[in-house]
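The two complexes that follow have chain A in common; it is paired with chain B in the first and with chain C in the second.
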Partner chain A sequence: MPQQLAIIVLVDVSNALASSTLEGNTYLFDNMKLHGSVNQGTGELVTAINGSYWRDGSQASEQVLNWLPYSLGSIPPTVPRGYEVERARQTDEDALAELQELAAKSTVPSADAEAELNRIRRNVGTRVKTTRRTRGRMSGQKIVDVMGQVVTEDATAAASYPAPVITDIYGEAVDSKIMYPAEYGSPDMVTDGWYWSATVDTSRPGTYSYMMRIQLHKLVQTNGELRWDPVNLTCASALKITSEPRRNAFTKAGVGQLPIPATRPGRDA
Partner chain B sequence: MTTKPRREAAVKRPISITAVVDAVGALAAGNMHGHLYMYDTNKSGGSTGFGTEELQTKARRGDQILWNCLALECEAFVAIDDIIIDRDICEPVRKVYPGTDVAYWTGTVKKDAGPITYQIKFRLGTRDEPITTTLSSSLVG
Partner chain C sequence: MKTQVNIIAVVDVIGALSVRTLLDGNLCMVDDSAFDSTHQGTADLVTVVKPGQVVSWTALAVDLQTPVEIKNISFEPANGHNGAAASGPAMSPPGSAAASKGEAHGQEESEGDKLDLDVWTGVVPHWMTPGVPYQYRLELQMYEGSNSVMSIDSPALMCQ
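Here is the complex of A and B:
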């Protein structure tokens, strides 16, 4: 089995939501630059997939691809999974401690106490409403800004967007049975436990396009309550499958055949 | 039922600059050239040079800038070690996300100026010495 390949889908969520398109707001990367992938870091990535074969010409194995969607200008994917939940809990605890302190030192209401309460209210942030539809990943969480601080309702312009979610991979490469994508669950910390992966049939060279359906989330206010509304957009990419033999990274022997002896060592010698 | 997008309050979103680093490529070459892709969130404001080492971020006095980085391979270690920029224009400081050891760099643009170039020092993998960018990105007033 060759090394699995990762395709990073970096989305400028704010701009994509503002312009209602992923075009020009999505940047794609893979780790196959040395194998011929082109347009790294743009929306026009063509992922190179080199077929691998045994000496008799039969296919050695298929290629495995993984997609990782990230949000540009949000809290990075390197913070622990469920970070918003952790921040919500921590700020609740802080606010409770501050309230206890306030209650202990002031028995009569005063302007000072009111100012203090307002300060605590600011520090405790605002929660996103949970509906039956939005229960799960982002429900009940507080709004966290791009620096990891919780924010109140009037300051949500600085909110950190949730990472984009790939909800489907389809198109020519799938229809032609070149790749077989599916969503998998794993304890992977970086991708929130769910990721799209595909096996690619490397025996049919050619360039095949595919589409990704990507869900972004927009913070909206409904009847005075905040929630993350899903916005579904699509984004195109392509695979270029070649049947050239792999380049040998150790001997740097070029793209020609590897120096394999015609007969196995120890036989017919 | 009324549904409306959140009004943009006085609070402004910082301009986030993200450096995507091909850590393996940069470590193999010993430099960042061709292994760095820079982006920011101010495309609609006029930033240019997306996906190159020479990102030109449109930023004015009072704008808050936030730098972070992303490794192209999620297993690789990549961190910003320093940002070399005219301290009279912007003074970036390293901060961490509360309760984590994940760092970001942030600073406020102190005054409007022509293009101010800056370089970033990256720590990659287990290499002792940071690698500094060869081409510079800039803040454009």
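Here is the complex of A and C:
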């Protein structure tokens, strides 16, 4: 199979965080049902990889795998990458406008003004604290829910989780040199620019397991500050490799003459 | 002289399945013949070859992760298609498409899922008349199901 194969790793992030396991919270799909992959849409996917060899025994095809992690209950990965920043900036602008209005209409401090200030403070949202460990794309950002509204400290349950990140692929299939995984950069924003890919040696049929290390992020509140804490979990899957000889499709044997009729088209026929 | 000529059929599988035709830019055929093949990049590719050369066909999906395989290549003149050579862009009429779909089904059960093992390679026979395009039917299988096989009758091989 010369075509590439995609394995979608869909994670129910909030349940996985709540139960601290990916077991029962991960759904795997691939596009090889036609070739015998089983248990699509469950955590027990066995990806079928049909290899082939030439008549002299040499390997005829290698399979390329791509893993794409997705999150259940997050901002869809297809919205522009600057979406959260954009939404956060909008709330800042709204707050500024409201403050200006407030300043213009009340010259003397009053209880009304204080209530108004509190309301503005609530609407403006909270920024995630940046720590040494959590520096990066999500730090210093406001927390946004799946609808793109900023979330305040007292309503963080609605927060949209950052997409799961595969940080490693290892285990039997890698140890026995059946597949060679590596992380690649890509301009594709759907996968956030990075994805794991592997080439599979299809010359040794068998079933091989492998593990994925997946990083999720948990929103924690300490001393009134919010932060995304990384949580590393693992998830197992398997590859089932078969291998068959390639064959000449015209003759079903060796290379022969093309099956072109001896009659000239359009004249003698 | 090159000993091998490669023909690649690049298929926009999603496009083809959506509008149920390999025309309208959903199929783009190219070859690397040393002679002047005509209609490169279209479904009407006429590949110029010489007797004794090896011709090899490959199908590629535009979207790398969509399965497409060559289901069949046949030179047998289809009914009513004998004179199609000079009629420009041809496509299988609805009737014949349905017929080939029917045939396809029978085969599919036996070996439809092993198409990726097929190598479509053959030697150009010496009996071809030079300068005459020998049209062939290219059948493509895109994933599975009742509408997954589509064919086109317009590409051809022509001896120099």
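Quick note on the criterion: the second predicted complex is superposed on the first by the 234 of 269 C-alpha atoms of A that agree within 3 Å, B and C clash if a C-alpha of one lies under 4 Å from a C-alpha of the other, contacts with A are read in each partner's own complex, and residues count from 1 in each chain.
By definition in this document, a residue touches a chain if its C-beta (ideal position, glycine included) is under 8 Å from a C-beta of that chain, and two chains touch if they have at least 3 such contacts.
Since the model is a prediction, treat every value here as computed from it, not as a measurement.
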item	value
First, second, both or neither for A:N50, with chain B first and chain C second	second
Which of chain B and chain C A:M147 touches, first, second, both or neither	first
Chain B or chain C, by number of chain A residues touched	B
Touched partner set for A:Y180, first chain B, second chain C, both or neither	neither
Partner chain(s) touched by A:H35 [first = chain B, second = chain C, both, neither]	second
Touching partner for A:A6 - first (chain B), second (chain C), both, neither	both
Shared chain A contacts, counted only where both chain B and chain C touch the same residue	6, 31, 34
Of chain C, residues touching chain A in the complex	54-55, 60-61, 64-68, 70, 72-77, 82-86, 113-114, 116-125, 127-129, 132-135, 143-144, 157
Residue numbers on chain A that touch chain C, as the complex places them	1-6, 31, 34-36, 50, 52, 61, 66, 244-251, 255-266, 269
Contact set on chain A toward chain B in their complex	6, 8, 10, 12, 14-15, 18-19, 24-25, 27, 29, 31, 33-34, 40-42, 68, 70, 72-80, 83, 86-87, 90, 146-149, 151, 154-158, 190, 218-223, 226, 229
Chain A-facing residues of chain B, complex	1-6, 8-9, 11-14, 16, 18, 20, 22, 24-25, 37, 39-41, 43-44, 50-52, 66, 68, 70, 72-74, 95, 97-100, 102, 104, 106
